[in-house]
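Two complexes are shown next, each including subunit A; its partner changes from subunit B in the first to subunit C in the second.
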Partner chain A sequence: MTNIGLYFSIGIIVIGLLAILRYSLKGKDIDRRIIFLFMFITVASSLLFKMEFPEKPTLIVKKVFNKIENLPEGSRILISFDFDPAMKPEVMPMANAFVRHCMVKKHKLYIMTLWATGQALMLESIEEVLKPEFPDAVYGEDYTSLGFKAGGVGVLNVIITDFRKMYATDEHGTPLDEIPLFAEVTSAKDMDLILPIGGGAPGPKEWILFVGDPGKVPIAPGLAAVVAPLIYPYYPKQAIGLLGGVKGAAEYESELLRNYDQFKDMDTPALSMMGPQTMAHIVIIAFIIIGNITYFRKRRMNDNA
Partner chain B sequence: MRKAPIIITAVVAALFVLSWLLKSNGAVVDENSMSAISQGFWITLSAFLTLAVMSFLYQDNPFYKFAEHLYVGVSAAYWMCMGFWTTLVGNLVPRLSEGLSNWFEVPYVGFKPHFIIPLVFGFLLLMRLSPKGGWISRWSLAFIVGTTAGLNLPRFLSSDFISQISATFMPLLVNWQGIGSFFSDFSLSASGQFIGILSNLVVFLGVFCGIIYFFFSKEHKGAFGVASRFGIWILMITFGASFGYTVMGRISLLVGRLTFIMGDWLGLIS
Partner chain C sequence: MKRLIPVLITSIVGTVLVFSVFFPMAETWGEDFSLFFDIIAVFAFFLGGGNLVRVHLIKVLNKKGDWKFSIVTLIAFAITLTAGLFKFGSVDIAASVTAEGTWMQTIFNNIIAPLSSTMYALLAFFVASASYRAFRAKNREATILLIAAFIILLGRTPLGMFMTGWIPEWFSIAQIPNLAVWIMNGPNLAGQRAILIGVGLGVVAMSLRLILGMDRTYLGSDHD
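And then the complex of A and B:
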């Protein structure tokens, strides 16, 4: 039934595209709302009929996975939720995947955010992923949350020398000196890996510039797709790897599923998104081809005239 | 008065109430969650605002205007509250006054006299609201601009300029042990020697020819012109890749909202 619905939707889309091609070849303009409607039908039908594709991690994603995988148990990893609800659909899956991977490898997790709007999303990840899936994890011993601190780049400039100068307490008001995880931690330099997730400023770029480079701390950013091309130049010397957009998140999720049986029933929003993504990209490519055919045909007709 | 807007508003209001009632009955309630009625309202309101914003794709309309103004108002209020509680109460008060720290129930860090400077500059910034004393706020702005430039300049120079140039100096023959070894161990794997050599070559030629394209002191003719043309191709491919990523990002947002509409609201997908 699902397949019939999917094939029916694809059929509708293909017939519609051919109709648009024929219409535009006649020299008529296509209303932009038709294009929006096509995108809606494409994404909605792919979601409704659960179109999914297998993912294989690329080298740049695999390097992040291997880094977390190969760090010795108890390594200190900092995750920064530097994003807002607008970025949530594409970067939240990678944040949850990082949390799962770090916890299953029994690394020590330090969670924080430089964005006020990241606070609620950070808590969502803790409450809906970390606590239910790892009930044995003890706050303060296995993970800790510093919450949001205003200051942006100023915060990074301070924590590269001393956490305590910026954070008197953790998110719950407990002094850092009373938290076992901070017993041997002075600054961000004491981290074995930093995973900044986001797509704005302050975000992954600032983490590389103000913490990773001066502190010689390995950084593996998780990026919103829009900024991914801007961060690629930092790979491999200034960022050990990176996850670019929902595609990077889907590759990471697939690698988690491949390596850990305990995650076989986990929620995989990024993998689920790749079906609609693929179909939407195909439709956009089709529109670009139709536009070019029409353009060159019109130009030739004008030349002949 | 035209009847159509009234009828449309009445239909939307009726659908809103109907959705609220249906979602309230179906909502899961436990001790920790909000009440079913409240949950039903928020889900319905989220769906309404999502559809109101999306309706702009058809044409501008009052529902879109309502959602837009609501968003601007809520954002302004949210950031004002966050600024007060996280910057003033979170960072300033614990370093200036024990009494105020106790009042706001934040741990007192100890008196730091130099924190009086940002307090004064903060007040000076508010002088913008004064018609005659607005110019005084420029002192605070000058401090902000100067400090930001001072903090950013060395880091950008080091990480974005020197490190980026250094990252371009890479071996063109990766792990080279002779032509025999190259062919005997030939692999198209992403971590293989051939792809490594190809990647480094693309980076080197891309940077070199891209810079040549922006070198306008010599006419782009002959070998120089060929390199310049290759530079344009590299730039076009880069813009194309950026556009592809942007499309992916925007589609992700659409998928996110449609997942909410079709899943949380309509219950069509799990």
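And then the complex of A and C:
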């Protein structure tokens, strides 16, 4: 039944595109509302009928996965949720995949955010992924949360030398000295890996510039697709690898599924989103081709006239 | 005097922050200034909030264009501020402002999150429309851009591998996902690095002008 619905939707889209192509051969531009309608049908049908594709991780994503995989048990990993709800669908799957991977490898997790809006998203990941899927994890011993701190780059400039100067307590008001995870941690330099997730400022770029590079701490950012090209210059030295957009998250999820049987029933939002993304890209390509046909047709008609 | 003191503060702070990077003995001074910045940033919240209320209140009182939207802004501001300040719904005053069951969490989950996501999602429609209009093979440069866009669009989906997965491993660079990675790691990287280095040099020059007091535009009008 699901496939019938999907094929029916694809059929409608293809017929519609052919009709537009015929129209464009007359050298006429199409109304943007028609493009909006096509995008809506494409994304909605792919979501409704759960279109999914297999994923194969690229090297740049595989390097992040391998880094977490090969760190010795008990390594300290800091995850920073530097994003807002607008970016959530794109980067939250990365955050949840990182949390799962770190916890299953029994690494020590330090969670924080430089964005006020990241606080609730950080808690969401803890409450909906970490606690239910890893009920044996003990707060303060296996993971800890520093919450949100205003100041952006100023925060990074301080924690590179001393966490306690910036954070007197954790998110729950417990002094850092009373948290076992901070017993041997002075600064961000004591981390074995930092995973900043986001796409704005302060975000992954600032983590690389103000903590990773000066502190010689490996950084593997998770990024919104629009900012990924801006971080490529830091790969592979300052950033050991990176996850770019839904595609990067989907590749990471597929790698988790491939390597860990216990995750076979886990929620995979990024893999689910690749269906709509693929279909949307195809429709955009189709419209670009149609746009060019219209352009050349118009030019020829003008030349003849 | 009104301009001399801010210029002196900028020069001293700027010099100390530069020194703190290169001299270990000055490292703690840099941290202290970062902490000062954090404290000053708190006052910016008050200023920002106050300014928002002032601007929209004037608009409502004078019934300027779209003043009804300003009422919505003021009401939303008041409710969010109250929910956050008094931590309504929280069992413990020391608990996080967005802890389970708080008003703030309800506002965040039911208003801020869906509205932000909706605004961001609308981009898909505008990107499609803009691509249709902008990506035209008008000349050689535009054609190269068009081809690169095609490769990236296909490379960012499993379709790229589906179309070119048959290409043997020894020529895997021709597979669309690998071509997309090459574009990002080659031409994109070269361009981005050039921009980054240029921006870096510009920042150094601008910082020097600020530290030396040659640029005072940040103080507002150039007249004493």
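One rule holds in what follows: the second predicted complex is superposed on the first by the 305 of 305 C-alpha atoms of A that agree within 3 Å, B and C clash if a C-alpha of one lies under 4 Å from a C-alpha of the other, contacts with A are read in each partner's own complex, and residues count from 1 in each chain.
We adopt the following convention: a residue touches a chain if its C-beta (ideal position, glycine included) is under 8 Å from a C-beta of that chain, and two chains touch if they have at least 3 such contacts.
Nothing here was measured: the structure is a model prediction, and the numbers come from that model.
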Open item on the list: Contact-wise, after the overlay, does A:I282 reach subunit B, subunit C, both or neither (first, second, both, neither)?
Closed with: second
Task: Which partner reaches more residues of subunit A (counting touched residues only), subunit B or subunit C - done: C
Open item on the list: Contacts for A:D84 in the overlay, against subunit B (first) and subunit C (second): which applies, first, second, both or neither?
Closed with: second
- [ ] Scan A:A44 for contacts with subunit B and subunit C and give back first, second, both or neither.
- [x] first
Open item on the list: If we overlay the two complexes on their shared chain A, which of subunit B and subunit C does A:A168 touch? Say first, second, both or neither.
Closed with: first
Task: Touched partner set for A:L123, first subunit B, second subunit C, both or neither - done: second
TODO: For A:F53, select first, second, both or neither according to whether it touches subunit B, subunit C, the two together, or no partner.
DONE: second
TODO: Scan A:K131 for contacts with subunit B and subunit C and give back first, second, both or neither.
DONE: neither
TODO: Give one of first, second, both or neither to describe whether A:G291 is in contact with subunit B, with subunit C, with both, or with none.
DONE: second
Open item on the list: So in the superposed three-chain picture, is A:K237 touching just subunit B, just subunit C, both, or none of them (first/second/both/neither)?
Closed with: first
Open item on the list: Quick check on the output: what are the common subunit A residues between the subunit B footprint and the subunit C footprint?
Closed with: 36, 39-40, 43, 58-59, 86, 88-89, 149-151, 154, 157, 173, 214, 225, 228-229, 233, 245, 247, 277, 280-281, 284
- [ ] Quick one: which bits of subunit B touch subunit A in the complex? Just the residue numbers, please.
- [x] 57-58, 78-79, 82-83, 86-87, 90-91, 94, 107, 109, 148, 151-152, 155-156, 158-160, 163-164, 166-167, 190-191, 238, 241-242, 244-249, 251-259, 262, 268-269
Task: Residue numbers on subunit A that touch subunit C, as the complex places them - done: 30, 32, 35-36, 38-40, 43, 53-56, 58-60, 84-89, 117, 119-120, 123, 127, 147, 149-151, 154-155, 157-158, 161-162, 165-166, 171-173, 214, 225, 228-230, 232-233, 235, 245, 247, 274, 277-278, 280-285, 287-288, 290-292, 295-296
Task: subunit A-touching residues of subunit C, taken from the complex the two chains share - done: 21, 27-28, 30-31, 34-35, 37-38, 41-42, 45, 94-100, 105, 108-109, 112-114, 116-117, 119-121, 124-125, 127-129, 131-133, 135-138, 146, 149-150, 153-154, 156-159, 161-162, 177, 181, 184-185, 188-189, 192-193, 196
Open item on the list: Under the definition above, what is the set of subunit A residues touching subunit B in their complex?
Closed with: 33, 36, 39-40, 43-44, 47-48, 50, 58-59, 86, 88-90, 116, 148-151, 153-154, 157, 168-169, 173, 175, 199, 208-210, 213-214, 224-226, 228-229, 233-234, 237-238, 244-247, 269, 273, 276-277, 280-281, 284
